[in-house]
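Shared between the two complexes below is chain A, which pairs with chain B and chain C, respectively.
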Partner chain A sequence: MSSKKRILVVCGTGIATSTVVAKKLEEELKKKGIEVETRQCKAAEVEGRLDGINLIVTTTPVPDNLGVPVIRTLAFLTGIGEEQVVEEVAKKLKEGGEN
Partner chain B sequence: MRFDEIVKEEFVFVKKNFKSNKETISFLSKQLQEKGFVKESFLEAVLKREKEHPTGLYLGKINVAIPHTDVKYVLKPGIAVATLKEPVAFGKMDEPEKKIPVHIVFLLAVQDPKGYVKFLAKLTRSFGSNLFISSIYSSESSEKLKSLLLEIFKEEGRQ
Partner chain C sequence: MNLNTIVNGLGVTVLLPIVIFILALIFRIKVKKAFRSAVIIGIGFIGINLILGFFLNNLAPAASKMVKYTGVHLPVLDVGWPAAAAIAFAGKVGLFVIPVTVLVNFLMYVFHWTDTVDVDVWNYWHFAFTGGLVYALTNNIWLGIAAASIDAALVLLLGDWTAPAVQEYYKIPGLSIPHGFSAAYVPIAIPLNWILDKLHLDRVKADPETIRKRWGIFGDPIIIGLILGLVVGFLGNINVLNTSQAWFNILKLGMAMAGVMYIFPKMVAILMDGLIPISEGVREFMKSRASKRKFFIGLDSAILVGDPAAIASAMILVPIAIILMIIIPQNQMLLAVDLAVLPFMVVMTIPITKGNILKTVIIGTFIIWGGLLIGSNLSPLFTKAAIQAQFKMPATATQISSICDGSNPLSWMIVKLMNSGVGIAILVAIFFVFLYFYRKHRKAWEIIAGASKEYLEKSE
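For the complex of A and B:
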């Protein structure tokens, strides 16, 4: 019913790290049958990039109370705990869809 | 983009003695700059970013850092690597106020993010392997370390 969920992937510069994270997120979610659209930005720009975003996945701290769920994780860079984080992302996206 | 054009032995250094993350980044940045891979302003930009958004990744026993900055400071895509005899402190990427001891530094000269990301994805994927990280860290020569790095890029289709 709803269109693709949008994930904002955030890192320090919004270039290298977030691209890696976005690519892995898309791949892992696809394996679970979840199609998402990812956008990227640097931490300092987050507040201006929230339009239409369902979830933020970040490698670096972002401000509180953005009104969008935030998952801060390095799992997609280190491989440590990656599966759990993918589960968490999938869960958060589902919860968001019920609102 | 071919991976062996990014990973060059002349930018791989083993068992170095540096006292700080700044000293390590400065050394590696100088190597890239002298060979025309990055602009002179690259070093300052990387150090600034490292201060605001540190790049230390905690893996357990042996930790790594991936300092980098905006593409505008880069002339050619590359990577400079150093393993450190004694670890130096880097801020933790997800908790910048915390410091972690880092044993291997990968200074990334990212130019075309789309092309470079394949390389970076493979590199970071390898961080999940303790065996790989410890063999990188115990490499006795630049040649050995370079061949280990190129190995991970050969294993197409590996998950």
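For the complex of A and C:
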């Protein structure tokens, strides 16, 4: 039985661009039939918030070697390439397998 | 019952949602989505009002006791960018800032005065904030709107100017950062950096990772708040430290400040959530009009702020800021909420210093020094703007400001100049002189802002 996937959405303040991205991701993934739970945080806090996270989607640089796949994208802010990013997110979540 | 009574009677929590709803419909957003986002914006204001009241009611009495018993004279409370943004959007200028900025950007783009299409609607609040200060000063709504427009126009130029530099350093092709706060410091950082290079300080390298590990706690806003609350509480109770009640109060104030640092941004997130559909509407509108020639998409500097050099510099600047606030005699501001936002101050300086932390910290120190004085100087207008935006100030006479936008040198310059006919003429002249010389020597200017010759030649 698979649990809901959790995406950590990261940005500079933890509330600015990450709010936009988190909402969009939830909406678009739901259309594809994927239920996700999103959490938001700032880049400086990432290391402490990795518990139970399947994927990180960020608009700002994050440290390397977090042990969780990271997708860095501005597509949700520029409106360019959103489809592709949502596809990539869906793919990475499926690759993660059951938790 | 005239328009004024209605406007004042409804207040911002009803009025701004109505304005946003109409704007959303104009940008062709579906009625249901427009309605929901309008209501959410109102809720965001309610949340911000709650936490701002909590913050002021807890900190103000402690701060005035601190002044009374220790002579540390810091009566102006830093309410931070969440409050500044709320005050900006809630003020009369805020009601107009979105269409006004879109118009200014559109006209400038059409006249080939800018290549930036600023879709970062959330950050239009900086322009509304400058306009709000001018409105508070002059009581003239047209001057307020004009001030917001000039602020937007200058920031668009700053965005263009720094575009190659940030694109190259932060690897963000096709974007620019017309950020009312972060971009304002570039004209100051450039000469300071030049001086520091002459002193050969670019040879001193510091490692961001080590700094993050050692100074890490200064990166966590909750800890910053806790420490601040404990320190102010301690100083405010210094004459009664032998009582247990004093210690209860000190601990409670620590928790209260930690709470504010955590909860305040979350309330702002509600506000931003409401703005998302409009933001997208503006973006699609501007992109469809701009596709004739190359343009940069203007975004929030928040996308850069995870950079290790920016974070490391900001961490070191937190204790420096606290020390400066105490030792500078003309400073009246008690830093609080905005201690968490120092990365935004330095993030566009980094391409200029090429990621050199020592130089960035030194430049940051000067910026904060100036910022403390500006913030203290602007606090009467800041407070008046808040009252005009119908935020409840506590019973004790409290002045507020912020080290973020309350201390923005660009806003300060505009506020001081918009007060007179001569000043306005000077401002307009500044804009055109800036535009003329920048466009004439574009490449040289962009190199000064941090881009490399190779990058500029590649993008031609």
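Everything that follows uses one rule, which is that the second predicted complex is superposed on the first by the 97 of 99 C-alpha atoms of A that agree within 3 Å, B and C clash if a C-alpha of one lies under 4 Å from a C-alpha of the other, contacts with A are read in each partner's own complex, and residues count from 1 in each chain.
Basically, a residue touches a chain if its C-beta (ideal position, glycine included) is under 8 Å from a C-beta of that chain, and two chains touch if they have at least 3 such contacts.
None of these values were measured; they are calculated from a predicted model.
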| item | value |
| --- | --- |
| Which of chain B and chain C A:Cys11 touches, first, second, both or neither | both |
| Touched partner set for A:Val62, first chain B, second chain C, both or neither | second |
| Which of chain B and chain C A:Thr73 touches, first, second, both or neither | first |
| Touching partner for A:Thr19 - first (chain B), second (chain C), both, neither | both |
| First, second, both or neither for A:Glu45, with chain B first and chain C second | second |
| Partner chain(s) touched by A:Ile34 [first = chain B, second = chain C, both, neither] | neither |
| Intersection of the chain A residues that touch chain B with those that touch chain C | 11-13, 15-17, 19-20, 23, 43, 59-61, 74, 77-80 |
| Contact set on chain B toward chain A in their complex | 49, 52-53, 55, 57-59, 66, 68-71, 93-96, 108, 110, 113-114, 116-117, 120-121, 124-125, 127-129 |
| Chain A to chain B touching residues, read off their complex | 11-13, 15-17, 19-20, 23-24, 43, 59-61, 72-74, 76-80, 82 |
| Complex interface listing, chain C residues touching chain A | 119-120, 122, 170, 172, 174-175, 219-220, 265-266, 268-269, 272-273, 276, 279-280, 283-284, 287, 297, 299-308, 311, 341, 343-344, 347 |
| In the complex, chain A residues that touch chain C | 10-17, 19-20, 23, 40, 42-45, 58-63, 74, 77-80 |
